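Following: one structure in structure tokens, then a few remarks.
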Amino acid sequence: MGALSYRAAKLAALVIVAASGALATPALAETSTINSADTAWMMVATAFVLMMTIPGLALFYSGMVRKKNVLATMAQSLAAVAIISILWVMFGYSLAFVGDGPWLGTLDRGLLIGMTMDSVNPAAKTIPEALFMLYQMTFAIITVALVAGSVADRMRFSAYLLFAIGWFMFVYVPLAHWVWGGGFLATMGVLDFAGGLVVHLSAGIGGLVAAKVMGRRHGYGSENLSPFDLSLAVVGTGLLWVGWFGFNGGSALAANSRAVMAIISTHLAACAGALTWGAIEWATRRKPSVLGMISGAVAGLGTITPASGFVAPWHGVIIGVVAGIVCFWACTWLKHRFNYDDSLDVFGVHGIGGMTGTLLAGVFAVSAIGGTAGLIEGHPQQVLIQLYGIAVTLVWSGGVTYVLLKLVSVFVPLRVSLQQELEGLDISQHGEALQ
Amino acid sequence: MKLVVAIIKPFKLDEVRQALTAIGVHGMTVTEVKGYGRQKGHTEIYRGAEYVVNFLPKLRIEIAVASDIADKAVAVITSNARTGQIGDGKIFVTPIDHALRIRTGETDTDAL
Amino acid sequence: MKLVVAIIKPFKLDEVRQALTAIGVHGMTVTEVKGYGRQKGHTEIYRGAEYVVNFLPKLRIEIAVASDIADKAVAVITSNARTGQIGDGKIFVTPIDHALRIRTGETDTDAL
Amino acid sequence: MKLVVAIIKPFKLDEVRQALTAIGVHGMTVTEVKGYGRQKGHTEIYRGAEYVVNFLPKLRIEIAVASDIADKAVAVITSNARTGQIGDGKIFVTPIDHALRIRTGETDTDAL
Amino acid sequence: MGALSYRAAKLAALVIVAASGALATPALAETSTINSADTAWMMVATAFVLMMTIPGLALFYSGMVRKKNVLATMAQSLAAVAIISILWVMFGYSLAFVGDGPWLGTLDRGLLIGMTMDSVNPAAKTIPEALFMLYQMTFAIITVALVAGSVADRMRFSAYLLFAIGWFMFVYVPLAHWVWGGGFLATMGVLDFAGGLVVHLSAGIGGLVAAKVMGRRHGYGSENLSPFDLSLAVVGTGLLWVGWFGFNGGSALAANSRAVMAIISTHLAACAGALTWGAIEWATRRKPSVLGMISGAVAGLGTITPASGFVAPWHGVIIGVVAGIVCFWACTWLKHRFNYDDSLDVFGVHGIGGMTGTLLAGVFAVSAIGGTAGLIEGHPQQVLIQLYGIAVTLVWSGGVTYVLLKLVSVFVPLRVSLQQELEGLDISQHGEALQ
Amino acid sequence: MGALSYRAAKLAALVIVAASGALATPALAETSTINSADTAWMMVATAFVLMMTIPGLALFYSGMVRKKNVLATMAQSLAAVAIISILWVMFGYSLAFVGDGPWLGTLDRGLLIGMTMDSVNPAAKTIPEALFMLYQMTFAIITVALVAGSVADRMRFSAYLLFAIGWFMFVYVPLAHWVWGGGFLATMGVLDFAGGLVVHLSAGIGGLVAAKVMGRRHGYGSENLSPFDLSLAVVGTGLLWVGWFGFNGGSALAANSRAVMAIISTHLAACAGALTWGAIEWATRRKPSVLGMISGAVAGLGTITPASGFVAPWHGVIIGVVAGIVCFWACTWLKHRFNYDDSLDVFGVHGIGGMTGTLLAGVFAVSAIGGTAGLIEGHPQQVLIQLYGIAVTLVWSGGVTYVLLKLVSVFVPLRVSLQQELEGLDISQHGEALQ
């Protein structure tokens, strides 16, 4: 944190400079290697990933809550977009992706100072740095928005905002640097193509801890808390699925065959996940539910995320099947066993999925596709490295989430009052309601 | 006058309405309700959560009629709303002291 | 027979239903209604437009019972629907002349 | 006590509510209903399918009042819900044996 | 079918190989001609066409059913995506697009064996073969999903799945090969740019036959079966329309002027169709309905599909007007005349539209745009060729659909019970419901 | 208008030629400079902007009306797409973008005559002219659709159609030419990157005048007119936001760094706008509403539109904050002060926003990004030029709108009957309803 406070000071100093749009200073500009095709693809990929959060995730989540909480649930995704984006350009991007210290980046791009029309980030030399920054922003946004699902139906909006800001600063930014920004996990060779650790596992474990700290919803286990309009969740799933082509395909950072391979394994994993979850329900409950199929699809998508871009198309099918099985188990058995109320199963789907996918990336990695060999290609150490990455993420995200919530609760109660919970968050937090 | 209140299965509405019109009852008020009774509901499962839904969709028909045709109305509703399966519903006949047509101010049977 | 009509707070439905079943009342019809009374509503603002919402969501429960257990039913509903705060609702007991079960044609108390 | 049940056109609710408050009636329960009567409905066509919609949206207002002010309530509703066009609706006055306020247990007129 | 059984054997043999991710074997790899701009465009086009099915078609269809069947209707689109995708990579792609025998392709790419990072399909040399495979997959998906509209509100989910699988194998795959994969219709020179025969007519006639076989919905003609929430259908139309830019534009398989021309005629046909249908309603019923306008738009889109990429922008307007007229007639007069219950008018819109568009493609084809001359440019034979293609599609899709349904009904009843139909498919088939 | 009538004559003459698909005539074709990457990006951008209207705006608007008017509100967006597209290819594009007379273009491309596969528009030499035409079409569509928001809930559908046609011809086309087509405002150097004047201000002031002329909705100020389903508006906002990347980013007409810069400032302005509006509500009403946050986001998007592509990312934040403040003020104070019923606040959000953004573009313009210096870079005259552009737009759009409505009302009443307004426009205008 010492480093951080120093940076904070530096940051303050930068504000003045930035205010005058000094952005054009060609500092660290490099002889341009920008390719317009890659730029075209990445602009679209960026738009797709934004679409995953609004309206994608907003729909997916609000489709699983009761009528009185639909708008409040959408508000959580919306607020994540608005706040995280600003923080990302202020310091998030720079600390995560500029400079490759083991623990944290630098503030050289704080307030985007020095980012020019033709500067590029070493990680993506064929597109404008500004685009790389924007693309990565959309990942930070959706990760924070994902966590909210665990505390849906009961968290006070003000508390959520404080938590979201803190979680972004102390969980997401460091993790993104460690895994993608040249940090110690990157140096160690952890494979995480599009966010099994950084996005899904960190959000999943964060959500689990948050659900535990917040406590269960009133009526959980006794009253009927069934979703108001599941069709919203289906539509959301469709947009998430499509957007995921930009999420995983875009992580190749270029319009090339690797992006295509990532998209194929992603799509197949979603299909296999949907079929698997549906099949299990059919076998165990005599009916395959639509919620089950979309849960399986999202589980497949989340699980393939770290592996896509490293594995072959068919591995996507295998990973999707595994995802369907373990995530179903986590949402139906594990959750009851430990009796926590992770409202929208962020841990069950994204936590378990992210963990599984990260592990399997180490198993299936094909060097011909991602340049790295996995267990099957005779490189067992990779599995250990993956396990290490999982452990670090679990501990860091889980721990910091806990501390943050305790901290926030000092300033404002995390939960709304029982009265407000009964009335619904739409009315109590936002003064609106669906008619 | 009597207020005939019938709880029926939703898809029976049209038959009942036509039958009532046939015997000269030209007005009714219908409400979507949820009914609880002998007819057992179903189970809905959302991921890990299982809910037993005891309340089933029914329609509540309210018909104000002159006392003398109340029985006829009841008979007509009964025969047309019946499927013979549990859950067909009930009919309650309750008294009305006065009735009035808002548009004209006509009262009692003239109001119907 | 009596028709017991109770206006209660929505989240109290299950408790009331269970309590009624406990005393042998196995049927009821529920309607989603909006209630206006002492309990004050809330304000909703949409951009420049401010609306005071006076009507709050309530449930209207309708239960036909034999006259002798009407009081028991009322008592049970009262104790289970009570929160002690304004807006708990009302119970109205009204007379029923006849009751009939559509499926079987059974009448009066046999119909319940 | 009486239970005054009025079926009115939806957009008349506020006028009626205010008028009732003016004469000291401070509570009511409102239900969205579909009405069938003289007022003819409209036709909806979806591609090749044509449906005549006979049931029109109405509001059912339920007001429990002391017997002595029932007529006053009826009069007030009538004058405020009237548009003069077919479909203005009906008012039915039915008897109430007992009334009770769930929160306090107060009964009959004290309950209103 | 003899050929098929042999292939089945071969397929089995391949499984082992594939399981070990042997995908990287550079077998039949070709000196790469891959262009990143075309790749960028085709990845997006692929995402757009997927978006047409989920959430596009899921919304369009579920917006026309009753509340109790909304989720079940969405489930049909969702299941089509999940199942067909897997079958496509197993053998569909290979049988349809690899090898140009007159009747069927080969299994050389079964399980994608031999598909490498830099292999390309002769049909699209400037993009990775994997992308071409994925793009074509999205067409197979939506075609199967389209058929479901005819049997909405009454088909048992299990029966639908069996039917979908069979229909894909025995109707879609062969047709795709005949018209696009170098099969006998291709050799003959049938024009079908993006699927007038392969997608719309085959789905339309298949739907008609299915509707006949299934019988009418309970209450059809007597009860009010009006849509629960038409706004869903409007939103679905918007997404279908946008996605169609990728459907028809992407069929140029490159980011070039032909793709642009295809998009323009597509857009204009949709506009003209919407205006025409609305105008007819206005003239004959005194009110233009929103359902009418979106039906006209989709009719225009389906009808221009085979012609786009061959005709000039203005022909799109003409084709859209014709589409609006004939499809309106089919949905309002023809349907009653023959008294079948094609729930969501798959035949009336897609069948009639696909037929009309395929014919008009032969009339208007402009050699300067698609390299082929039509009737107007003095090449009348083309019209005959188009008619032949239509006849083949009608007979094959119609016939096989009939046989398939009879076959499926041997194993599981096609319809749900009356009790379940009254209760709604959401509850009876999936154990869920909109609140 | 004299010029116009002459053109009308010429137009008629062209019809014959065009009907025969003479489009292939290589008249004014130019040696191709078409770039496939730019083409790929612009095809997608075009699809995105179409998505902004359907389903984007259709959702955003219908989410703010009462249940009985949801479909009718969507119908207005839908009809705008269908009608304006046809008019655009007939003469709109040619009059706006072909030939650079000070007042109006020429009809040389009337009915697209002479537009070939390889012709380009001087304004966008690296993409097919057909694509440039199509991209600009989507702007004309959404502008007309925007105006409808002011008269929602009460305008007769037939009157709306007549009005839309006239407004497009006499307000949009001239303005587009003046600002973007080489007209007098362009010559003068007015900065309007993606439509602060042409799209937002013109629609906003047009809407204001229309609201005044139409009069207030029945029950305005007395009855509860609260939205039926705000979740639709949130989803619409998400799609508008994503689409705006194509709206502002696409206005660079190429896949380059300037497009990226435009997208970044656009995104940041949306975020800042949402936070600002929400914060003001929180401070003044103790609750931040979801409608408030999405209104702020759209305000930010509309306001940055003319400036994006000229300013630095951080200016987007500043502009977003200003947008949130002034638009909130306009929707809550100004509107009541002058007591007009601009149903969906087209003026409050788009009018005020467009005006503000156009002005600020002149203040913040950075020559390193857009090639033009603004006030801050020591070029104060730019602000005056911007003010002049605003004045011209206000006068022209406001005036013509007024005249048009008076004219239309001669043929058909602008408003539906009170009876119909009470019953709802869905039933009365389209014979449909949400169940």
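Labels A, B, C, D, E and F are assigned to the chains in the order they are written; within every chain, residues are numbered from 1.
Note that in this section a contact is a pair of C-beta atoms (placed from the backbone, for glycine too) under 8 Å apart; a residue touches a chain by one contact, two chains touch by 3 or more.
Note that the structure is a prediction, hence the values are computed from the model and not measured.
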Graph separation of subunit B and subunit E (steps between touching chains): 1
Any chain in contact with subunit B as well as subunit D: C, E
Centre-of-Cα separation between subunit E and subunit A, whole angstrom: 34
Separation of mean Cα positions, subunit F and subunit C [Å, integer]: 52
Distance between chain centroids, defined by C-alpha means - subunit B, subunit C (Å): 17
For subunit F, residues contacting two or more additional chains: 35-37, 40-41, 44, 224, 226-227, 285, 289, 291, 431-432
Residues of subunit C touching at least two other chains: 31, 44-46, 94-95
Chain pairs that touch, as defined at the top of this document: A-B, A-C, A-E, A-F, B-C, B-D, B-E, C-D, C-F, D-E, D-F, E-F
Residues of subunit C defined as touching subunit F within the complex: 44-49, 51, 53
Complex contact set, residues of subunit A against subunit F: 18-21, 23-24, 34-37, 39-41, 43-44, 46-47, 50-51, 53-56, 58-59, 62, 70-72, 74-75, 78-79, 81-83, 85-86, 89, 111-112, 115-118, 128, 130-131, 133-134, 137, 157, 232, 426, 429-432, 434-435
Touching residues on subunit E, where the partner in the complex is subunit F: 35-38, 40-41, 44, 48, 66-67, 226-231, 234-235, 237-239, 241-242, 245-246, 249, 254-261, 263-264, 267-268, 270-272, 274-275, 278, 285, 287-291, 293-294, 297, 311-315, 317, 364, 366, 368-369, 376
Residue ranges of subunit F in contact with subunit D within the complex: 219, 222-224, 422, 427, 431-433
Subunit C-touching residues of subunit F, taken from the complex the two chains share: 64, 224-227, 281, 285, 289, 291-292, 295, 331-333, 335-336, 345, 348
